[in-house]
Every structure is written in structure tokens, then in C-alpha cells.
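Two complexes, one shared chain (chain A), two partners (chain B, chain C).
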Partner chain A sequence: MRKTITVILLIIAVFVPFATSDILPVIGDPQSAPNTHVSDYYIEHAIEECNSPNMVTAVIVDYRAFDTMFETTVMFLAGLSVVIILANRPKKRIPAFSSLKRLKTADGRPVYRTINKDVMISVIEPLILIYALYVLFHGEVSLGGGFQAGALIGMTYLLDIMVVKRQRPIFRLSKAGSAALAGIGPLIYALTGIVTILGGGLYLEYNKFPLSVHQAELHSIGITAVEIGVTIGVAGTIITILNALMERTYFDDDND
Partner chain B sequence: MTENIPVLIILLPLCSALLCLALTALGRNLGIIVVKLSCLASFVLSCFQLHMVVTGGTIHYAIGNYAPPFGIELVIDSLNAVLLVCFSLIGFLTMIFAENFADKKRPMLVGGACAETALLITGLLGMTSTGDVFNLYVFLEITSLSAYCLISLGGSRGVVSAFRYMLVGTIAATLYLLGIGVLYSVTGTLNMGDMREILSAGGNERAMMTAMCFLVPAFGIKMALFPFHGWQPSAYTHAEPGSRPLITGVMGKVPAIAMFRFIFCIYGTEFGFVRSFLLIIGVFSVSGMLYGSLMAMGQTDIRKVLAYSSVAQIGYISLGFAIGTPVALAGAFLHMMGHAFMKGGLFFCTGAIRYKFGTTDINEFGRIYKKMPLTCGLLTIAALSMIGIPPTAGFFSKWYLALGAAQEHEWIYIAVLVISSLLNAVYFFRLIEKVFIRHSSELKDRWQSEALELPVSIIIPIVVCFAAILGIGLFNVKLVDILLMTLEGVGL
Partner chain C sequence: MTLILQAVLLLGLIGITIAIIFGKDLMISVVIYCAFSFLTMLLYNIMGAPDVAFTEAVIGVISTVFFIIILRSIDRKTK
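On to the complex of A and B.
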């Protein structure tokens, strides 16, 4: 009964807009409200106010930087939730990637003769990392930025752990360590705002960084600091989720 | 520095939550101590902010110093300021309380749950103080995600109820996003004040009606308003015990504030369909008040009783919106504060009894008052407040609701208010009977060696909730005066 009521009400709520479908403006209409009110201001002022050639970056990490901070926190929250729900239970564990042993033929050569993935991966990984840094530091100029750079770094780690079976890993993070790293990223973002408060401004007011450089440079510094925070947060989250999946457990402990 | 208080209240729990895991890795209790201190600081700052708002008027805080329609703005009026004090206080009390339910052998779980609770507090405080509709959505996401996680930490049933809540909650978030999408398409702004000015120029009635059709179910689901409450009883019952007072006490109220903002602050009473929507909300509230009370009478698990009683109590809050006069709105907000402490307090009691005896079945509570006098004191006062006996908070909020309904000649609302209160009396007196009169039952104390009734970290929340329920009742006139500073202009 109560499910029926809920469903009926939701259906009504969904079908009302179809009954009055002409409320939305025509696509690409230059006179519609979204194209005339706030966006005009952004187009006219973004480049001089934020010193960012990319207006999207200016809106995301300068005009609406507060939203982006919490979106990054959502990433951290998702990673943390996954790891403490999946990988923090006392009972038996299912290792996800238990034995990724190197497949060899009888005479000791690798199965795949055309490509040796162990070698290839160690060539590709540094290149991906360099590209990640490029995306991070030039992201605000072109299309890109912290989220993409973080995803690239996280994927490098993921590739490394899934493809190569190393005796001594070069760089491994425990699940506690990766979750802590995922939290440090948004923290850098938040502290960027606190620094501007200490410099006498409002929160995330990049003009008020306590540094003696030109105002346009201050905006660039602020945007870069924020993007670094986002990168660390996203990379940490991806590694955390990977760790959680590798240590996931059954849900058979009912301590209720 | 004082002009930065609105944002610092949100930032302190956020930063401590982000640091919590790193600090837990350094020292076992370091992270939790930092989170507790930051929540306390947030509470102190919100008290100071309330003083600033009462003496100096509404605070507008433009983040990044960009003028409001272009940047994000926090708006603290007298309403927000009072509610922020209540919510940050309950958040702090929950942080103290939660340590008793932590599994000391698994530090990462403890630190993680602590960070999740602090992020829940961040989201709730942010939703209360923001003045931007998309920023509200971001805080709604933070609140929902941390709540899903905290509910799923309460064992296998918790996982199932969290999953159900997640499915429904995602629909709610989508509906909210569609609603503000429609509003953005006709106004071109996301700032609440700016949107109000553009919408009040008129000519957008149909788009506004469509958006409201999305927004009412969205907030209805989030605040567990009947008939959107399906996720709520099991989620409240099986949530992680440490953070349960916060989830039950505050989480349902904050979407109600957002609903109030949309109906009365953004749309305003000159919106043509406002009476129809208020009537729909009124019907939902009235049915919820009866349904929740009836369902609560049939339960034996105290957590389920309280969860169903929340469905009814949310009905009182939305009933205040449905009546829509300033007095009724003041009653609704007074009930929001009072109920946050009542329900939070009742769940502190439940947690305390469970901590000491490991049971939540009402039938085993025979003469428990001899063993736990303080807890049963709060249990009684909160139950009386739920029923609405003076001089507790519940009586005065219902009084203002009834007063508002009488001004509008809504006699049905008053009748249902009385009937629902009587139904509340049935199941709360049953609880009181079990606690005080029924033959004592054999309960095994799990912590024999304690000198006090309970650890200090459980006694503090219980005492504070006791004081708050009486305080809100006794100083209701002052509180309502502060609330009316904002509400005078917005009601019907």
C-alpha cells in the first residue's frame, strides 16, 4: 500500500513536466534567461578577474570554488565509505587478485611473445605520470585540471598493482594510508581558503594571499594550489577504492 | 576575523574530518580528539554568531568576495543562527557519545566513522546556512553520502537499510537537481535572493509549478515526510549506534528548512499555486501524524517506536509550513529545535541502555529507573515533551501550531494535532509504565565495575538534552521572538 502511494506520487511528479513541456527555453536561444543573466558577467570578466584563459576553470575553481571544494570532499567521502564498509569487517577475506603469477611456457618464456607487459608497463608508467603533471599544471589553460590529473595518477598505481608482480614494490599504500592521503587533498584545498582568511580577506579570496606579487599572479597561485589539492584527493580516492576492493569481506556478521 | 565566522562554523568540522584519518594513523586517539575539539569550537562560534545576528541583523557572507549572483553566498538570518546553535550542539554531543560504541581494536574503523560523523555535521550545518541553491545540493550530497555510510556501519541489517535509503535518496537528489534546473532555465541564477527577485516579477508561474512538483517530493523523501518515509524506520533503527542521535535528531529537519526556504523565501506567498501546494503538504502532514503514531503503538523495539514517532513528528513540522502564518511557522521551527533534542535525547537514552544492558526491547525495561535514574529522567521528560505536557518544549511548539491554525480557521489541523498527541500519549505512557511500574526484569550489567551509572561521556549528552528540552520550553517566548525577526515578513 505505502509503496503504491509512493510510486504513484513519483510518477505524477515525473509526468507533470511532460504536460507542460514548453517551459524550458529553446536550445541555443541567446535571449533566454541562463544566457543573459549571470553568464554574461562571467564571459566579460572571467579573464581579467581570475587570470585564467579558460572560463570554465575560472567558474569552477574561482567564482564557485566553494562548491568544488565540497565536490572534492564527496570524492574523499565515497572512497572512505567504500573502504570502511567493505574492508573493515572482522570475518574472512576474499582476496580479489590473489595470484597474478607470470604465465610461462614450459621452457621459461612468457606466453605472450609479441609484447612483454612487464617491460612495457615500466616504460608507460613514467610517461603517464609526466602527462598527469602536465594536465595538472596546464589544465587551467586547456581543458583539464585536477580531477583528470588525479585520475591519471590513480590509474598508474592501479596498472602497476594489477599488471606487475614485483618482489619489492616501489610504491605501495596501505588502506589507512591511502584514505589519509585522500583526505589530505581536500584539506589542501580548504587550507588555501584559510590562508586567504589569514591574509585579511574572505574565504577563498585569492587576491588576499599574503604574498607580494601582482594580483593576477595571486589568482594563478590560488587556482594551482586548489588543483593540486584536487589531484591528491582524486588519486588517493582511486587508490583507496582499489585497496578496499582487494580486501573486501563477506557481510555475514550481524552484531545487531 | 569576526566576519569569517559563518564559514568557519562549516570549515572546522570539515578540516578535522579530512585530517582525522591521517591523525589516527599517527596516534590512536589523536584524530577523535581533534574532531571533538573542532565540533566544540563550531558550537561556540555559532553561539557567538547568534549574538551577532540578534544584535546586528542578517549576515551575508560572500565567498571569494564576489558579489552574490556571481559567487556563492552564505546567508545567516535569525532563523538559521538559532538552528545552527542547536544542530552544532547535538553534533558535538554525538561526537562525545560515539566513542563508547567504538571498536577499539580497529582504529581505522573508529577514525573513519568519526570522520563520517564530522562530515555529516559539516553537511547539515552547510545546508542550514547556505544561500545558493546549487551549493545546497552539494551539501545535500555530503549529508546523504555520510548518512548512507553511517547507517551501513550498523551491521548487516544496516547495510540493507542503507542500500534502500540510497536508492530512494538518489531519486530525491535527482528530483532536486531537476527542480533547480527548471528554475535556472527561467531565472539564469542560482542565488536564492536573486532568484526571489526575478521570480517575483511574475510570468513564470508554470515553470515554478513544475519545479515545485519536483522539489516537494525531493525534500519529502529527504525529511521522511509521509508518504515518502519508506526508508526511514529501518534506517533509524539499524544505524550505527554512536551516530544515531545525530541522524535521527537532525538529519530529517535540515531538508525541512530547505523546503521552507523554497516555498516561503524563494517562491513567496504571491506565487499563484502556493495555497494548493500548502494544502498538499498539509494532507501529507496530517496523514503522517496519524500514521506514524499508529505504527509506533504496535512496535516493541524502542528504536522502531521512536523511528515511527519521527514520521509523526516531521508531520508536525510540515504542518506548520502548511498553515503558513508566521506564528505557525515559528511553532514549526520551535518544534524542529525541540524535537532535535527530544529525539536525539531519546536515542541517547536508548544508546545508554543498550550500552549498559545490551537490550532495546521495551518489554525488558522493567523498573530500569532504579538502575539508571538519570537516563530514565531524560526518557521521561523527553516522552512528556513528545506528548506535549507543559512546561516542556513540545507543549509550546504545539501551542504555537494550534494558535496559527486557529488564526487561519483550519479546525481540521487542530483536531488532528490533538488526536495525534493523544496517540503519542498512548505509546509513550506505555514506555513510562515499563520503566517505572512493571516488575523488574533480570538484566545483566555489562560493565559491573563502573562507579557512576554510566561513563561521563554518556552522562554529559543526557544532562544537556534534559536541560535543553526544559530550556526551550521555559524560554520559548524569547526564542519565538528571535524566530519572528525573520518570519514576520514571509508567512501568509
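On to the complex of A and C.
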């Protein structure tokens, strides 16, 4: 029954785009509305106005900074709702992640960790963290930005909690701590806007930062400040969800 | 050339989706979903949105791991 509904929905999802394709403008049509008004302005002014070679970042966190702020807040709320749904459920005992340690050699001795995962992961993890920082601070110059950096930091935590286990953790966060981090991110974002108001500008108007640097630098500083907020928010959300999921279950190889 | 690549990738996406729906083992479905995410990433890259492709690559891995963690506390086989 459920499968039939899924297939019907999928068929609808395939045919709706075809049915509406003659209403929408052709992809890449230079005469369509989005390509004649907004895009031209962004392409012509993004570099000089925002001091940011990556136009995607310029649009996301500069021209549409207000939009992105509430996007980050929505993500925080989504993380919180996952925690609320998953909280206070009975724990369930489930088998260990790696069944490798239960293998026996030919003469009956147990095989422990043929590859030392702890060492492997502890080499990879700092590299991923450094890459996350690179993505964060180069967000306005090259690919990436706050969202990607936050996701990479969340991925480090994920590797840490799943493989290294409790012997040599790089960092651990409690459920409350990670939820607080997820909230601090949007807060940093919002405070950046208040700082620009104190500097005499509009909310999130980066060139009114009360700093005595060159005018073009101010946009870079504003974008970086906002990106740091986004990174903390995304990383906190991912870690919150992961903690909530891991809390529901405990593993057989936890106490070895 | 780009158009052909896009068509191949989109057809692959449809095939993968059907495989995910009709899979008997949820673990296999989750792993195939990871491949879905990878194909989407290639598609974004071809369409000239490397920023989105980067996000998709990272989020694809994280969501796969989330699914695997959830799978460990429910029944693996579909009814």
C-alpha cells in the first residue's frame, strides 16, 4: 500500500515539471525576467560592492544577508525539534558497529582490529578540521562558506564519535552544549547586524562597521563574521542531531 | 556533450530512485541513496554550481551516516 502511494507520488513528481515547463522561462534564456533585472546587477556590481570574487557568497551573505540569517535560525529550530522528538525514548540494545573483533583466527584466538582505526582517524580528523577552517575563511574568495565548513566540522565529530569511541576523543559535547552552540551561531549573525547599526548604518550594512580600516575591507570582515556564525550554527545543529540519535542507543562495544 | 551527460545522469537518478524504493534491504537502500547524492553532486557540477555541489557532497555523507545510525535501532528488512 505504502509502496503504491510512493510510486504514484513519484509519477506525479516526474510529470508536474513537464506539465509546467512551457510556463517557466527556458534555462539560460537571456530575455527571461531573472536574467534581465537582478543577475545583471549582481554580475556588474558584486565585486566592487562586496569585495568578494565569489559571487555566490556575495549574494547569499551580503545582498540577501537577512534571508540567510533566518535560514540559519530555521536550521537551529529543526535541530531542536529532532532532539524533542527523540528525547525520553527507551534505550535499545543493539550490536556493535564493527563485528570485526568477534572474528576468530584458525587456532581460535580472537582477531582484534586488523587496521588500527583510531590511528587512521586521528590522522584524518585534524586535516578535515583544517580544511573546514580553510573553507570558512576562503569562502568569499573560492568555493564554500559557512554551511560547508560547519558540515565538515560536524563530519569530524561524527568520525570521532563513531570510530575513536571513548578512549581518545578529540572533542566531546553534551546534548545541552551542542544545542547551545547551534543557538550561538544565529546569535553571532544577529549581533553582527546590531554592530552595524551601532556604526550608524542599516541592519547588516557591512560598510558601516565601526572599524578604522579601508572601506573595501569592511565587507570582507562582515562576510567573515557572518560566516563564522553560520559555521557554528550548522556544526552545532549536526552535532545536536547526532547526539540525540546516539543517546537513544548504546552499543555492545562501549565498555571494552 | 553537456546535454548528453546531463541526460545520462538524470536517467541514472531515476533508476537509482526506483532501486531505492523497491529494495528489500534498507541498508542497501541507504547505500544506494549515497550514490544518488553523488550523482546529484556531479549534476550540479556540470550545471555550473560548484558551491551547491560541495554542500551536496558533504551533506550526502552526513545524512547517510544518520540513516545508518537510525537503521541500527529498527528492523533492517522491509515488509
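Operating definition for what follows: the second predicted complex is superposed on the first by the 195 of 256 C-alpha atoms of A that agree within 3 Å, B and C clash if a C-alpha of one lies under 4 Å from a C-alpha of the other, contacts with A are read in each partner's own complex, and residues count from 1 in each chain.
The rule is short, and it goes like this: contacts are C-beta pairs under 8 Å (C-beta built on N, C-alpha and C of every residue); 3 or more make two chains touch, one makes a residue touch a chain.
Note that the structure is predicted; figures quoted are calculated from it, not measured.
Asker: Under the stated touch criterion, which partner chain does A:158 make contact with: chain B (first), chain C (second), both, or neither?
Answerer: Only chain C is touched by A:158; chain B is not.
Asker: Answer with first, second, both or neither: which of chain B and chain C does A:190 touch in the superposed model?
Answerer: So A:190 only meets chain B here.
Asker: With both complexes superposed on chain A, which partner does A:148 reach: first (chain B), second (chain C), both or neither?
Answerer: After superposing on A, A:148 lies in contact with chain C but is clear of chain B.
Asker: Decide which partner touches more residues of chain A, taking chain B and chain C as the two options.
Answerer: B
Asker: Using the superposition on chain A described above, determine whether A:56 touches chain B (first), chain C (second), both, or neither.
Answerer: Touch status of A:56: second partner only.
Asker: Is A:246 contacted by the first partner chain B, the second partner chain C, both or neither?
Answerer: Touch status of A:246: second partner only.
Asker: Touching A:212, do we find chain B (first), chain C (second), both, or neither?
Answerer: neither
Asker: Thinking of the overlay built on chain A, is A:179 touched by chain B (first), by chain C (second), by both, or by neither?
Answerer: first
Asker: Is A:25 contacted by the first partner chain B, the second partner chain C, both or neither?
Answerer: Once the two structures are laid over each other on A, A:25 reaches chain B alone.
Asker: So in the superposed three-chain picture, is A:10 touching just chain B, just chain C, both, or none of them (first/second/both/neither)?
Answerer: both
Asker: Could you tell me which stretches of chain A are touched by chain B in one complex and by chain C in the other?
Answerer: 3, 6, 10
Asker: Can you tell me which positions in chain A touch chain C when the two form their complex?
Answerer: For this pair, the touching residues of chain A are 3, 6-7, 10, 14, 54, 56-57, 92, 94-95, 143-145, 147-148, 151-152, 154-155, 158, 162, 238, 241-242, 245-246, 248-249.
Asker: Name, in rising order, each residue of chain C that touches chain A in their complex.
Answerer: Interface residues on the chain C side: 14, 17, 21-22, 50-51, 54-55, 58-59, 61-62, 65-66, 69-70, 72-73.
Asker: Can you list the residues on chain A that touch chain B in the complex?
Answerer: Those residues of chain A that touch chain B are 2-3, 5-6, 9-10, 12-13, 16-17, 20, 23-25, 32-39, 41-42, 62-67, 70-71, 73-74, 76-78, 80-81, 83-85, 88, 90, 175-177, 179-180, 183-184, 186-187, 190-191, 193-194, 197, 201-207, 251-256.
Asker: Show me the residue ranges of chain B that touch chain A in the complex, using the header's touch definition.
Answerer: 1, 3-4, 7, 11, 14-15, 17-22, 24-25, 61-66, 69-72, 106, 108-109, 112-113, 115-116, 119, 122, 126, 134-135, 138-139, 141-142, 145-146, 148-149, 152-159, 171, 175, 178, 182, 184-190, 198, 206-207, 209-210, 213-214, 216-217, 227-228, 230, 238
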